[in-house]
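Below you'll find the structure, written out as structure tokens, and then a few comments.
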Amino acid sequence: MNLSPQTQLEMQRRMLRIRRFDERASKMVKRGQIPGTVHTSIGQEAQVVGACMALGEGDYMTGNHRSHGHPIGKGSPLGPLMAELVGKATGVCGGKGGSLHLADFSVGSLGESGIVGSSIPIATGAALSSKVLDNGHVSLAFFGDGAANQGCLYEAMNLAGVWKLPIVFLCENNQYALSTPAHTVTSGVIADRAAGFGMPGVRVEDGQDVLAVYDAVHTAVRRARRGEGPSLVEVITYRYNEHSEGLKLGTDYRDQAERAQWVERDPIVVFRQRLVDDGVATAEQLDALEAEVIEEVDEAVQFTNDSPFPDPSVAFKDLYTEPIGALA
Amino acid sequence: MTVMSYLGAIGAAQREAMEADPSVVIIGEDVEANVYGTTGGGKSRSDKGDFLQMFGSNRIRNTPISEEVIVGAAAGAAMTGLRPIVDLSYSSFLYMAMDQFVNQVAKNRYMFGGQASMPVVFRSAMFYGLNTGAHHSDRPYPMFMNVPGLKIVVPATPYDAKGLLRTAVDSDDPVLTFEACILWGTKGEVPEEEYRIPLGEARTVRRGDDATVVAISSAVPAAIAAAESLAEDGISVEVIDPRTLVPFDTEAVIRSVQRTGRLVVADPAHRTCSAAAEISAMVAEEAFESLRAPIVRVTTPDTQIPFSPSLEKQLYPSGPRITEAIRRVIGQPTSMPSHGARDMDQLATQAPR
Amino acid sequence: MNLSPQTQLEMQRRMLRIRRFDERASKMVKRGQIPGTVHTSIGQEAQVVGACMALGEGDYMTGNHRSHGHPIGKGSPLGPLMAELVGKATGVCGGKGGSLHLADFSVGSLGESGIVGSSIPIATGAALSSKVLDNGHVSLAFFGDGAANQGCLYEAMNLAGVWKLPIVFLCENNQYALSTPAHTVTSGVIADRAAGFGMPGVRVEDGQDVLAVYDAVHTAVRRARRGEGPSLVEVITYRYNEHSEGLKLGTDYRDQAERAQWVERDPIVVFRQRLVDDGVATAEQLDALEAEVIEEVDEAVQFTNDSPFPDPSVAFKDLYTEPIGALA
Amino acid sequence: MTVMSYLGAIGAAQREAMEADPSVVIIGEDVEANVYGTTGGGKSRSDKGDFLQMFGSNRIRNTPISEEVIVGAAAGAAMTGLRPIVDLSYSSFLYMAMDQFVNQVAKNRYMFGGQASMPVVFRSAMFYGLNTGAHHSDRPYPMFMNVPGLKIVVPATPYDAKGLLRTAVDSDDPVLTFEACILWGTKGEVPEEEYRIPLGEARTVRRGDDATVVAISSAVPAAIAAAESLAEDGISVEVIDPRTLVPFDTEAVIRSVQRTGRLVVADPAHRTCSAAAEISAMVAEEAFESLRAPIVRVTTPDTQIPFSPSLEKQLYPSGPRITEAIRRVIGQPTSMPSHGARDMDQLATQAPR
């Protein structure tokens, strides 16, 4: 795969946007500046960005509780995302969604789901409309290794298979579902499940390599775009932080040495080195890129702070498209 | 005007909707072969495969038996440009997709601050009263009434079935229609031309002054029968069919109760947390001053549905059970034999007494 | 596999019991003597009996709407089954269940399900209790090619895989789900789906051969009994009759020539010939066997006719184990 | 007596049940690591893994995220000799297994003519009021009340949480317990020795003569606060916590209403077809003659749950909203500012008005 320097720099920028945004969100939730909980994608940026960059602008995407990375990876502006996490009126969902329910339809992000597995059918439906309307859009469903044991995934894979829907099922295998190691609750290999449902299944063993992820997903997206149907891509990766931050539900029982090994292969550090080695950018250029991203995150926080909370009456809006009784 | 069966009216509405808008598609199990009689052109069961020929397999989507993804995919498609009509065949199968209904269909627009709209109709038929046992006889609309964000339609006549379904397809919000199989064969007059019936407008089936009966789905003909039999005794009963449960035409019911002072609610759902419970609670709060007697519910008791013909039929609201309830609210001595309607209503709850 | 003559004759007897019972039920439902609907297993007897005979007496089984064959195959007496179809008080479920909901706990039949796919988790739970209690019982879940696209199957296969539960997932692939040909709604091959869930998956291509089915299921049962976990067995077979009889829901769009080909390989005729050819039994002995079965069915009908309908108050019994209000 | 938190009481009940009977097993996601704090010995969150050590991995069954098979497998296991306690973590995840709940758990015993018994407990926690948005905040017990065959428990105190859970595990019928996360930290006295609380017995939390408030789950402390604030004005309010919704202690409620003549029902569920609707309907039918005022429901309006702290809290029954409702039923002028409790209740329905 020969990617333009521009594209490669954009990958690094998006990974940084996720990293810095989530680091900030993590701090804010611990300080009580974000209510509820957040699930960060720190450590998984290559997997998220490699997948998102393989999609076109008009393409659709759904995600899960580990939610910020997906819209950021798809190019969503940070201000309304951060404002949403805090519950401000300027949030991307007007403050109604919060961290677990980000959606930015302007970039094809059809919604993150707090219910594990539950958004996979939605992405399948978006692929169905692309097919019926013949508009060339591809769908991608992000879900975790934990979600890979929800039955709806297999219903979706089968349906997409028989109807040759343009969809990529993307399993973010960060090897844990909350406290539970994937290998203790997964019989067989996730990627291998594709074959029984009549579609290619690939496993990206090095999910910390953004280009490896991009390659695998790009192949799947092209196949979908050609009308040949769905694919399953499983990406092995790792989250650095707690499963969920802010709630103080149990702590993590992962081995700290295991974590340290993964941190050593940090996707952003690795790719930065590669960009320098390949002569795509200089260290100074990459520092500047990083500074830009930090500023963007600062601005998002500023935007959030400057924004009002929604009026209480907003709770009664948006349930239906037209008023039903006092509800609008 | 033309005469149509309830089932035929549904087929006709589907055909019109498919013809009117190319973004309308039909998704469901066995829709291609017109097994349930509503994708064959709205004429008769023998018009096999009509819709498939008329609209093609791109728009008539025969599915695997995978309710969860069917419902979710229809929702996702509705969020991105289609207007699907989903045929879920029997209402008892909706539970398979409950997560999609509650967590995606009902919540997405709200959670996402209005970014999503969800023009999708989920049709299903309640197969009660036909001796198929507990797995096919459910009447689950009360559950869905407890889920904000859904609209819920319960037609009782061919005219309403057709007009409400057209409106449902036009709606930019998700609509669930619960059809009653026991009414499939009911014939009625339907206009030749296209028409719509607004959601949230009750129909006063019969005017009366002594008591109001709000009746749902197949309880409507039973309530009419009760009203007719009481008319012979000079008792004048108003029968209201709400036609849609969400939105609900509170005003029509309140106005009637303000006049009659008495309310019976006949609802084929299980008693506890039924639509009848909601209607009763609504009136007990908003028309209390007008009430001259207890509000009586005639429902299906809180038991599952047994198979045997000697067991099943007694459980649903019937003419005699509704008659008996009306006599109670107007303070007339009852005429039922023991083990009749009164007993049924005493057996009708999970509350110890 | 060397089966005793006795066992082989018992296979033929059970196939005949299913055939004659279902033929009678089919007639009765058309005459209005059975209310509602019935789904017959005529044509699928080898698949049902081959599977049931591979189980031991204490083993568990769940089934689906095509329901009569399973308990008959497991050895249930016919009288209470027939009485149940008619809704009599002497029915195996006291008239509460009907054709769609037969269950005979005395032979390990934990219940047929009118909801496609829904009984698979129940069988999985029976296997779990066998495992926890270490009582050696194996479970078998019967389901159709249509049910193979319900997500709960894959949840069950995964759970059984990780916990090494003693269960056999048995797919009765009669090539249609109601009007829908399996190949039009199935992506991939059902038996092949096992591999992705870490278990053996076999396809019995000739599901009209009772011994072939027995062999495949027996292998799976032994594996389960040894504590090695679940298997998936897919059996190719064919139903002769309409999907469902009595309801007059649409008719069948199968090619009549296709049906004729299958009828030619009738499992009962084929096995009869084989029993004679192998010297297991004489034609006269087999005629006598058949006569016995016919008599048994006649007696079941007589038993049914002689039985009363349940008292209406029975509708209020058995919901709970103890009285709640007026409900017992 | 000893002091325990609500969450600790649940853990303690689980531990006692596991110790008492080897056929009791715990099945659920993340139960091994005690993520939710009830499989660690009933002491504190930091007792990680206690249950695993005490009872072993044969009885502490850490599952994949597969709610449908978890629920069904627990049911199948209960039909064949185990007595599972299933931890489904949040109540919003129950929909994933709705078919198993309705079509298998609730129906099997009945359909099979009493052959099956189903000693299984399904625990889940309602996470509302904690700013986690629409996917974690559900309070779905009314749906399950509409399903005959289930028993439904909604404890509001540590004492009840422990005593009812022990009874639930003893029950040979399926029981669903809905715990309120917002009460997890509530402390209360609990006997040192083992005890049970029968299902179907309400607790009169506070005696009073002027009005009855039936309050459910987290509405119980809100109702107590309302009663206390009204006591200052000389208004005497009776507060009843039904503790179980199925079976329901109708008699306790009726007796109280017969005395007070006024009823407010405070229920954190969505309004339409809520438990409050059922309780109101029950009283409107059976204690009509005693009622001196409309029955008022204080519920969560029929909207989904928004995330923003400026939006969410207002929606649930609070002390001030219950106070306001009581003032209404006793005919006192209200003191709420506009956009307060009264408005909320006007916004609280999907019915057009």
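The letters A, B, C and D name the chains in turn, as written, and every chain counts its residues from 1.
Keep in mind that, in the parts below, contacts are C-beta pairs under 8 Å (C-beta built on N, C-alpha and C of every residue); 3 or more make two chains touch, one makes a residue touch a chain.
Owing to the predicted nature of the structure, the values given are computational and were not obtained by experimental measurement.
Novice: With contacts counted as C-beta pairs, which pair of chains has the highest total?
Specialist: Chains joined by the most C-beta contact pairs: B-D.
Novice: Using each chain's Cα centroid, which is most distant from the centroid of chain D?
Specialist: The chain farthest from chain D, judged by C-alpha centres, is C.
Novice: What whole-number Å value describes the gap between the mean CA coordinates of chain B and chain D?
Specialist: So the centre of chain B lies 29 Å away from the centre of chain D.
Novice: Just how far, in Å, is the C-alpha centre of chain C from the one of chain A?
Specialist: 45
Novice: Quick one: report the Å distance separating chain B from chain C, using the average Cα coordinate of each chain.
Specialist: Going by mean C-alpha positions, chain B sits 35 Å from chain C.
Novice: Using the average of all C-alpha atoms in each chain as its centre, how far is it in Å between chain C and chain D?
Specialist: 40
Novice: What parts of chain B, by residue number, touch at least two of the other chains?
Specialist: In chain B, residues 63-64, 66, 68-69, 92, 96, 99, 103, 110-111, 133-135, 148-149, 200, 246-247, 301-304, 306, 349-353 touch at least two other chains, as defined above.
Novice: Quick one: which residues in chain A touch 2 or more of the other chains?
Specialist: Correct list: 91, 93, 95-97, 101, 113, 115, 118, 149-152, 155, 158-159, 162, 184-186, 319, 324-325, 327.
Novice: Enumerate the contact residues on chain C facing chain A in the complex.
Specialist: Touch list, chain C to chain A: 149-155, 157-162, 184-190, 192-199, 201.
Novice: Could you please specify the touching residues of chain A with respect to chain D in the complex?
Specialist: 35-37, 84, 87-88, 91, 93, 95-101, 113-118, 146-147, 149-151, 177-180, 184-186, 249-250, 253, 309-316, 319, 324-327
Novice: Could you please specify the touching residues of chain D with respect to chain B in the complex?
Specialist: Residues of chain D touching chain B: 92, 95-96, 98-99, 101-103, 106-107, 110-111, 133-135, 138, 140, 142-143, 145-149, 200, 246-251, 269-270, 272-278, 280-286, 288-289, 291, 293-297, 301-304, 306, 349-353.
Novice: Where on chain C does chain D make contact in their complex?
Specialist: Within the complex, chain C contacts chain D at residues 60, 62, 91-97, 101, 103-105, 110-111, 113, 115, 118-133, 135, 137, 139, 151-152, 155-156, 158-159, 162-163, 317-322, 324-325, 327.
Novice: Please name which positions on chain D make contact with chain A in the complex.
Specialist: Those residues of chain D that touch chain A are 29-30, 32-37, 45, 48, 62-69, 92-93, 96, 130-136, 301-304, 306-312, 314-315, 339, 346-347, 349-353.
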